[in-house]
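Several structures are given next for inspection.
The same chain A turns up in both complexes below, where it pairs with chain B and then with chain C.
Showing the complex of A and B:
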């Protein structure tokens, strides 16, 4: 059983964290090839997404197959605000995150009554409705062609243009996500989430307002997805509904579970493995999903708790 | 017009029910979302396509062989990807191995059959009969008959046959059934086998009535089965029937009277409203927490 106690907050070692961040900060000087840096940026996006999803799935135990919709909400919000209303990047980023938070809250409300896999289907339905509306509402979202020509983002005097610039932007977002989640999971909120996951009934008897905490976990996890979507919009300079299909939500779930649920850093290993596998087998396009499927099955048959997960928790 | 739409809706609903039964049964016993279900039945349907279009086998034999192959594949997937994970693990993990198995089956089928839409041969004579002034095609009548016979037959099997009763017992309580001497592993294999067989039957009937089959229908099939199972109440046979019918009818009514591009969003909205009114589906029982 994973231990999330106050101790982990106390042990939070500032020096080792600074060292890792410093190491990551010099990475673009080691990887100069823009193709590899592009893959690194992809890993950063999925890291933000999966850390958010891990809060929902790994900590609170809610299965969400609609994470791509919140990712998409963030992406479309940034794209529309920046191309039509002349917003600069920073406010667009914040609004995107908050929009995903609000929709997460709305979708979280039914958890009060709709439980378990019924809730999972609700998230699938939300994701599909989002994607189909994005495809059909052509005047607002550009339909299947999406929105193109999203301007180059600027934060104060920093123009984010090259792969390296985007790497640093992504790194800042990842560090923000990680630090905020460290604080959140070590707080009473984090302990409440874990209590709900372990035994919802017992948690409610202990005085935890379980519906409120579930909605909270769901909306905070979605908030990060909104940030990641906003980043994707400016990084790709285009946004299309096909980036936010159900497959994408499945991929995020796979990353979290293969990496290991319920620990803050473990999903990153899943992100790295799945992203690298997708890239490495690109030349074997015909066999790619076959290989990825085999990897998924074998990893979980031999390490059901995920690669770096702590012991699997009970259902 | 309306009667014809309703008849097609009932036919599609019957097919969806067939596909849903296998899914719902697996869920009822193992509480596992079987993401490989759709790809297994598309595999069987593609086998049927090859037997019919390339080898010109007798349609009855071809469907039988395809159904058995789908059933065996489903049982094999259970043996390799799920059985080891059944005991004392979080069930989301077997859900992901199911997804992995789905990728493997989908990709293997794609290597063999390609990802384009293939034209599936008709199984039934391309005629229609007139009942009380309503024109009904023979395909629709046969499809409905096959679906009804299979569903009724399966219901009788569950009630009266020893193996069927074993399935019901295992779905109630695995440890107790095991203590009563029911072979758990064998029963679960039978469930997967039957789920695959029914899925392939549904897939063949669907493809035969629309004369089309493609790999991409697999994942959609899984989602349809999941949706139908949830609308009716997961794990209940009657629920699978009701859910399948609601989906089939609503899809056809919406695509005729509204627009086919809003078919899926409206279907999902129906799903959401049903879940908000009855959080465990129409026939689902409310589970109370155990202390």
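Showing the complex of A and C:
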């Protein structure tokens, strides 16, 4: 293989990035069919969710089965703020993210010292509590019927109405998620998360306050779920508790595992494969889960670290 | 001047007295060795010093500060670093990143700087990388910086673990059985490396099973037996002490 000089490698890198950005920017003009564009928007939502989950699961090694609850928190926060309190979208979006962050911290504090499997159980419990509260607290959340008639979002003079508009909004959120995660994971914070995943005792001996860093990873990861939920609320114009069941948390975990843990972009491949698979086999209704299961088992058997991942589950 | 001093440090697990009133001091700049048969409490003692265990009784004083109940990460921050008996490098991460994680406490970027002042955060990162290279240089591991730690030969992983500890710029370095599993050539490399660390001004405390190694490297040796301090002295004194010989080899009449 010919040796590639550093300069030309950098040049290639810049060009390939520009090509990807240009491709993403014109994508709605290539996919004109609104159904396909809708699927693309779904992929964007799951990309935000899974990038956040990857910080928790792939980088820090915490198995959280409550990600859908933070997604739901963001969704309900935006729905309630916009329908009842007349908030416009941008502040509702930011508050939704922060609310998920705060709840991440609140759940993180009591769970910071429990071992992995107990942490996992507690996140399941939190997810179920959230869903039950959303279902039962009818005056506030609308119960099983949820909240309908969420207004059309506007950001300054941009009214977000068509699938294409939502595509660009989703793209902006994905880019924001990605860039902020690049900053975080390239810093001593990101390295501390990885150190905790690899060996928690050794990490603490390196001067890392491991309980605090676990809470940090968990709440930052949840923040992105809050953003995704907020997007979902204005995209669907309705929000119901059934969108935030345990199945949803499991699906996100499968996406991250199939795509690959511990590298920022790897989960996207899992998101695309899983979203397309669920859509393609829509006619099979609940039997779809069978196919999803087969995909996951196949990937884990042949590539335990996922398609593009760097970290695998430890024994 | 004492850098670290323990006063009647005590720890028991159930009915077993793992560390029984051990008082000792480590002088600034020296290489202190600790030996003792299996189960004599050496590793428990190190775990007490580094905050992994909290003692039932007694005190640890480091630089005139009581550190007995400080959490593990705080003890690293104030200047004590360690390695582990059973090698705990971060396996799936590059050698360079291992060192940078070791330097965690020395990179003073806050979360706000990471997000809102990325340029100044990046400058500190760059400085940390350059510093990390110096430590790799010290252990002759510079060429290995981009390899995953798990792909290094055993002896080099041991050196990497020491480098990672050094990266926090400790005043006191604790090495828990650094030559466990090493071949004689690797041991020579290690001895030479330890001398270089000492020359840079770091105080070193080594726990070791290998007599030949500890006698050659340490300037003063403490012997533990059944959780108690049994003897303290120069390597020559320890080597010729009949009591020490008997705890290792058993009483003469037993043989």
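Definition applied: the second predicted complex is superposed on the first by the 291 of 315 C-alpha atoms of A that agree within 3 Å, B and C clash if a C-alpha of one lies under 4 Å from a C-alpha of the other, contacts with A are read in each partner's own complex, and residues count from 1 in each chain.
Heads up, the rule we're going with is that contacts are C-beta pairs under 8 Å (C-beta built on N, C-alpha and C of every residue); 3 or more make two chains touch, one makes a residue touch a chain.
Please read all numbers here as calculations on a predicted model, not as lab measurements.
**Q** Scan A:292 for contacts with chain B and chain C and give back first, second, both or neither.
**A** Once the two structures are laid over each other on A, A:292 reaches chain B alone.
**Q** Of the two partner chains, chain B (first) and chain C (second), which one does A:201 touch, if any: first, second, both, or neither?
**A** Both partners, chain B and chain C.
**Q** Given the touch rule stated above, what does A:246 touch, chain B (first), chain C (second), both, or neither?
**A** A:246: touches chain B, not chain C.
**Q** Looking at the overlay, does A:301 come into contact with chain B only (first), chain C only (second), both, or neither?
**A** In the superposition, A:301 touches chain B alone.
**Q** Check the contacts made with chain A and report whether chain B or chain C touches more of its residues.
**A** Of chain B and chain C, B contacts more residues of chain A.
**Q** Output check: A:23 vs chain B and chain C. Expected answer is one of first, second, both, neither. What do you get?
**A** In the superposed model, A:23 contacts neither chain B nor chain C.
**Q** Applying the document's definition of touch, where does A:187 land relative to chain B and chain C: first, second, both, or neither?
**A** Once the two structures are laid over each other on A, A:187 reaches chain C alone.
**Q** Hey, what residues of chain A end up touching chain B and chain C alike?
**A** In chain A, residues 201 are touched by chain B and also by chain C.
**Q** Residues of chain C touching chain A in their complex?
**A** Counting only chain C, the residues touching chain A are 50, 52, 71-73, 76-77, 81-82, 84, 88-93, 97, 100-102, 104-105, 107, 109, 111, 114-115, 118, 121, 125, 128, 164, 168.
**Q** Okay, in this complex, where on chain A does chain C touch?
**A** Those in contact with chain C are residues 180, 183-184, 186-189, 191-192, 194-195, 198-199, 201-210, 216, 310-311.
**Q** If we count contacts the way the header does, which residues on chain B are in touch with chain A in the complex?
**A** Interface residues on chain B, with respect to chain A: 27, 31, 33, 80-81, 84-85, 88-93, 96-97, 99-104, 106-108, 110-111, 219, 223, 226-227, 230, 234, 261-262, 264-265, 268-269, 271-272, 275-276, 279-281, 289-291.
**Q** Hey, which residues of chain A end up touching chain B in the complex?
**A** Touching chain B: residues 57, 63, 110, 113-115, 117-118, 120-122, 124-126, 128-129, 132-133, 136, 200-201, 246-247, 250, 253-254, 257-258, 261, 286-290, 292-297, 300-301, 304, 312-315 of chain A.
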